[in-house]
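Once you scroll down, you'll see the structures, which are given as structure tokens.
Both complexes shown next keep subunit A, but they swap its partner, so subunit B is in the first and subunit C is in the second.
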Partner chain A sequence: MLLGASIVSGLAIGAMYGLLALGYHVTWVVSRSVNFAQGSVMMLGAVLAFSLTVGFGWPMPAALPVALAGCAAFGVVLERVAVRPFRVRGSDSWLMATVAAGMLLENAALFLFGKEPRGMPSSLAAEPLTVFGVGVLPLQIVILVAGVGLALIFVAVTRGTPYGKALLAVVQNPRAAQLMGIDAARVTVFAYALSSALAGLAGILIAPLYSVSADMGFVFGIKGFAAAILGGLENPWGVVLAGLLLGLAEALTTAFAGSAATVMASFGLVILALYLRPHGLFGRAGVRKV
Partner chain B sequence: MSRAWHAPAGAFLLALVAGALAFRLDNYQAFVLGEVGITAIIGIGLNVLIGLSGQMSIGHVAFQAVGAYAVALVTSAFPGLFWPALVLGTLLAAVIGGLLALPAVRLSGPYLAMITIAAAFVIEHAIIAWKELTGGASGIANVAEMPLPWPYQGGASAQALAAVILGIASALFAAYAWFRASPTGLALVAVRGSETAAASIGLDPVRLKCLAFAISAGLAGLAGGLFAPLAGFISPETFPLSASILYVLAVMMGGAGATLGPLYGALVVVVLPELLAGLAEYRLLFVGGLLLIVLLIAPDGIAGTLERTWRLWRPARARHLSAPPLDLAAFLGHQAAPPPGAPALEAMGLGIAFGGLRAVENLAFAAAARAVTALIGPNGAGKSTALNLLSGFYRADSGSIRLAGSVVGDPAARHLARSGLARGFQTVLLFDALSAAENVLVALHRQGARRPGAAELAVQLLRCVGFEGDPTAPAAGLAQRERRQVEIARALALRPRVLLLDEPAAGLTVAERTPLGTLIRSIAAAGVAVVLVEHDLKLVMGLSDHVVVLDQGRVIAQGSPEAVRANPTVRAAYLGTAATSAAARHPAVATGAETMLNVVGLSAGYGGASVVRDVSFEVRAGEMLAILGANGAGKSTLLSAIVGLKRPQTGVVELAGATLSGLSAAAIAARGLVLVPEGRQVFPELSVLDNLRLGAFARRAWPEGAELEAVFERFPRLRERARQRAGLLSGGEQQMLAIARGLLARPRVLLLDEPSLGLAPQVAERLFADLAQLAAEGLTMVLVDQMASLALAVADRGIVLENGRIVRAGQAAALAADSALASAYLGGAAPGSAALVL
Partner chain C sequence: MSRFLPRLATVAALLALPAAAGAAEPIPVGLVAALSGQSAVSGEAITRGLTVAIDEINAAGGVLGRPLVLVRRDDESNPGKGVAAARELIYRDHVAAFFGGIDTPVSIALVPLANKEKTPFMGVWAAGTGITRNGASPNFVFRVSAVDALVDERLLRYAATVAKARHPGLMLINNPWGESNHKGLDAAAKAAGLSLAGAESFEVGDADMIPQLTRLKGAGADAIILVGNAAPAAVVIRSLDRMGWSVPVISHWGISGGRFPELAGPSAEKVAFVQTYSFFKSGPKGEQVLAALEKAYPAIKGPQDVIAPVGTANAYDAMHLLALAIAKAGSTDGPAIQAALEALPPYDGLIKRYAPAFTATNHDALGADDYIMVHFASGRIVPVE
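Take a look at the complex of A and B:
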């Protein structure tokens, strides 16, 4: 019973990590940079959806696209202000710049939205269904389907369509990509918008299970990043799978060893995995010719 | 080195001022001042990590916690043992940091950041979970007071504590300045600059990076140990992850690498929010915004900005240090002849394959001391690969290397460097953050040279290789010739028995090549076995004692320059066969054809300087134009400017009457003006097939079946490798792929930049026949190629560039017949004029 419930909640939260990790993956494969404000963008998604539905009384189907568009817009601005200026110079400072942008967003939310966490009502999280004797919230299924489904779509698009290949070409040789008529700058902006929308979606999906607050994103963002690293960053399958794995490991540790051990176990796992496989569980070193 | 007293004196002054200040403050102010000191100490550690070794940690607060808990736990049991506890905490943090670094240093960027974050979480939660020892979440309240190192009534007040902390911080600032200039500090900066070059002088990047990590973790532990008595109470909440970020911010804001950077950073991060009392709550908002602004407008931080402002007042004077001339032979100490019969370096059957392609096969030759041995061969023959094998940068699949008669057990680059083998790189690899003299000094330290003498020796070595500039100038700003000289001096500093040089004349003017030749002879004369890869055959033939000729990875001939020059196999490899010039020329284009590409008054270049000046020409539909000129004449820059990769300074490009001004390279490609760029411009991680298909992306098509089949007909090698990753192809195959990809764009005008580079002669001939065929089919082309006579054989017209200007234009046949033109502009690279080549 406990095992079943743990697996269900672990997979749901793991799928959410997977969504965040997919967001890190998207910008990494296109631009070799990631958005360390991803956790804050996730919070933005949840806060926007909460404000629109609870504050303004919008129905969720209307609030969802608007909230996601808001996150994507933030991604576009962030790329312009905190990523592109540094990549143009060949500097790694985008790392700290996106951290700074995340701090700004989080503090802005603190002032505008307030400190107290608020519960997000959702019909999907009200009544648990019973599947094989285990209580499952419909929302948990939705999260799992969204996480795995988006990963599937992403793999299908990048592996099977011209636009997907063009996306992958940009980071491998930006100069040659331009000569193929691929606008590298626009592709990078698109990746940041997409990545932020994925984070926003993760925030909106998870909100009813936790609560909405200005600082909800920080730890989620880091765990999503852990999943991305664990999965090898390069591999869309890998990052989602690693997210699920991380979620499961957490839920099972919590169930059987207590919540105090959870963080130690999950991050210990990350360190151990990187000791053994420096490019992640599902990653591989690129072609290297000196 | 005359400024050696600056740092300790400055530190003493700083400590004095801070101490005096501390006793004038109230308790709270003193506490804040103590926090500045603590942040500065962590900052100094992070400065070693970020500023010197170029790594990043977002988890240092964990090491601070380790130090704090060590002190709190020991002193709560044994109040008298504060100082031993402080040492314990520092060491403990350093050990944990060093261990953590073991996997982390193999990683970079986001992976490294992740490890540090994960470690911080694990340590934080371990403290919470281990209640019996640490008090869990409720922390430790009875931290003993710090026993002061001087008699003071009434115990350690906040003021006294702040003074002690700032005193320690001041000493650490001086220690940092000393460390930065020490052999280890220089080595750290060197590793950050180029791990490849660092390995070539025998440095061990992993060990050095671990050391930097351990030092920075240790200092964070020390800061934590000092923090415990200052705060009097510690708990896991005292050390939130956000504090880690704050520390990194402090270092970057202050100016990473600058000695006093962490002080400025600590003042901004700790004091400024306190001064703006109303804003204390907005501290993170404030710091986040400030950091973003600093990163954007002053990447070198407050220290860098201060320095630049100061330089406006007092510009740095170029220093022309003089040094007595160096007796190179005496310095190298190779007077004792090597054992008779054993050459300095022997390659014994070396071979390596990349993705199934044998790049070098059964390479065997010997290089004697006091002699120059040259490796030559056409482009793509495997010369650079051979050099990388000999210097341990590639691991051979077969064969072995002998140095002075004994087989090298572990031929890794840094072991070879320690056994007396030094090398230079094709694209000079210097440690750009170090000065010219420091570049040499890092290598000298590998030889155990004592510090005072070493600095002068470095300058002497620089003068010895003909470097006349300022030895204290940063390497990043040196001219190509000077960079080459510094690299050779750095290699010589290792006192090598064998020196490998990869195209040392590349990028040098003709006038600069003669002194280079003289230098190489003098190095050999001093007892070194010099092995040279070089394209300039005139230089090679005049310089070498022994010449080894490679073609397609194999040695096809070796011997004296005269013998090699007369060898028919060698001539065939370089010149190709007579079939070359038979490439058919298609019928002349009717003069009435419309103008496809029109270039008017185009100038382009780098920064303010123009590489291409006021170039105008037109290409009519169906015509093929050859652009000729020596290396560096501006051909590639001209093509880049035409297709929009480089924004022209002046001038207009028109395609079929429509201007392309202001369009991006992507938009220009989509309009049908397609460039096949020089070199290996493929997408290495995508399959050959996907590379080809992306060629058609400009017209938003995704070719299948028949269209790809046509390409494979033309380039059968690509069919065999269709499913392989493009990065695994040989240079020549990648070149074919790039051309095939260009054709799939169905261009209105196709520009080809050096398409024959890296192709074997037969393949190059086949390619030119294909180009002639394409021209006959009516494709409009612009061709830039070193093989000028081949290019003129297939082109309708030609233009000749010199120093970025058109100096000749005319019908291809007329240009080809002009022998004076050939010798003046086509130099040694013109096939068909054997006398010039060999």
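Take a look at the complex of A and C:
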């Protein structure tokens, strides 16, 4: 019972870490930069979906694409103002600029959305199903399927379509890709939009299990990054698997050692894993040709 | 004549100046509370109680012939920011005294400052035992609110008598407030001859509390004693729903400082929790304060609209007690007010008749007998029958 319940809740949370980690992965492989505002974009997704459904009474199927488009738009703007200006100058200041953009977004949400956490209603989170004697919300299954499914789709698309190939080409050799007529700048913008939409989706999915508030994304953003590093930023499967593992490790630590140990154990595990495998559990050392 | 008149006017002006300034110069009193963030509702509730009391006092001529004025500072539920805010109130605004907010960690951090600067600090919400029982002498910290040690006794008494629990399990927020209650509940359980099934802690950001609750269930818990603010406490309730475990939940009052019924869903109504006051079963004084609240805040149309009523009620009584002390002290000098607070005459307040509110050894105006058990019903806080 304890084990089953922990596994289910750990995997559901882990799938969210995985979605965020996939977002970090996408921008990293394309542009060697990541959006440290991922946690805040996750919050943006939840806040937009909450405002549209509860505030304006939209049905969820209508609110979902609009909220995701809002997140993607934020990603596009962020890339333009907080990443590109630094990258073209060869500066790493995008790191701080994206952190700052996240804080800006959080405080804007505090101001516009309000200071109180709100409860997101969801028919998928009302009645638990009993699976092998464990109470599981339909939403938890949806989250798990969405997380793993998106990783699958992502891999399939990058391997099998011209867009995906263009993306991978930019990854392998930006200059050569440009010479072949691939617009590397546009691919990067697309990667930021995609990564932000993934984070927004994670926020919308997790909101009914949790609460919607301006600071909901902060810890998630950090844990998603931990998963991305743990999985090896280069590997889409790796980051999603690492997210699931991190969620599972957290839930099992809480179940068997008590919640006081959870944060110490999960981040201790990340450090240990990186010590043993510096390029991540599923990463490979990059080969530098001289 | 032409030279005499201006000179007369100057003399008159000089004579009038100090008197006029003295009469008009307000006495500032401070508030350090959460005005933003998860617990912003609590800061607003306290502000309302203080404001209504200050309006009454000023309408009756103020204190020492001077009006009171409230200076508010946001602590963002952060002890560091709270200390900076209190310093500002003491050194820059020269407040005669200041009130505190919902967060025990912030209030604990303010205690040494109040005692060092000899500025009375009046708690109106945070219930941490060590806030008033801080070992300082003289002690400048007073409180019109619940005290964890006494609330803990009350929660366990309710669990044993009403919920018929023999082995309550504890769900505590992982911060100094949870710690304060852990000690209190352990001591209260020992005194009441109850054996606790276990104690689990949770973080504000935890999205899932099933592992902790499953441990308690496995240890044979037959009731949950819950200590946490509205948002994480709501996750506890949702997790219980998901487990399909229907167990009595008896909560400290942290859940009254936010939108607990919205966050926790329908099961929120099953949670019994402690309050110091309810506007639903109030006497003539309660009706008078409610009328003043309705007048000042048009959104309030009845007792159901008083958000976080304990904050408002505690703050209202605390402000009146402080005004009495300033009047008795005859000055806004910190040590004089502190001595006056310890020797107040009996006073008929909103929550009860304080006879007296404080003594040299007891700086808590409310005791275990002043608490009431309540629950949410259709979003309103009403007494448990």
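Please note the rule applied: the second predicted complex is superposed on the first by the 290 of 290 C-alpha atoms of A that agree within 3 Å, B and C clash if a C-alpha of one lies under 4 Å from a C-alpha of the other, contacts with A are read in each partner's own complex, and residues count from 1 in each chain.
Throughout what follows, contacts are C-beta pairs under 8 Å (C-beta built on N, C-alpha and C of every residue); 3 or more make two chains touch, one makes a residue touch a chain.
Please read all numbers here as calculations on a predicted model, not as lab measurements.
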Fill in: First (subunit B), second (subunit C), both or neither touched by A:92
first
Item to complete: Return first, second, both or neither, reflecting whether A:80 touches subunit B, subunit C, both chains, or no partner chain.
Response: neither
Discussion item. I'd like to know which partner A:222 touches here: subunit B for first, subunit C for second, both or neither.
Written reply: first
Discussion item. According to the stated criteria, A:119 is in contact with first (subunit B), second (subunit C), both, or neither; which is it?
Written reply: second
Worksheet item: Does the superposition put A:128 against subunit B (first), subunit C (second), both, or neither?
Response: second
Worksheet entry | First, second, both or neither for A:263, with subunit B first and subunit C second | both
Worksheet item: Of the partners subunit B and subunit C, which touch A:180 in the superposed model: first, second, both, neither?
Response: first
Discussion item. Once the two complexes are aligned on chain A, which partner has more residues of subunit A within touching range, subunit B or subunit C?
Written reply: B
Worksheet item: Just subunit B (first), just subunit C (second), both, or neither: which does A:210 touch?
Response: second
Discussion item. Based on the A-chain superposition described above, do subunit B and subunit C contact any of the same residues on subunit A, and if so which?
Written reply: 260, 263
Worksheet item: Contact residues on subunit A for subunit B in the complex?
Response: 24, 28, 34, 81-82, 85-86, 89, 91-93, 95-97, 99-104, 106-108, 162, 165-166, 168-169, 172-173, 175-184, 222, 225-226, 229, 233, 260-261, 263-264, 267-268, 270-271, 274-275, 278-280, 286-287, 289-290
Fill in: subunit C partner contacts - residues on subunit A that touch it in the complex
1-2, 5-6, 9, 12-13, 110, 115-119, 125-126, 128, 130, 135-137, 206, 209-211, 213, 215-216, 218-220, 251-252, 254-255, 258-260, 262-263
Worksheet item: In their shared complex, at which residues does subunit C touch subunit A?
Response: 36-38, 40-41, 174, 200-203, 205-208, 210-212, 214-215, 218, 230-231, 234-235, 238, 241-244, 258-259, 262-265
Worksheet item: Touching subunit A in the complex: which residues of subunit B?
Response: 56, 58, 100, 102-104, 106-107, 109-111, 113-115, 117-119, 121-122, 124-126, 128-129, 196, 245, 248-249, 252, 282, 284-285, 287-289, 291-292, 295-296, 299, 354, 388, 393-394, 643, 645, 664-667, 669-670, 674-675, 677, 681-686, 690, 693-695, 697-700, 702, 725, 727-728, 738, 741, 745
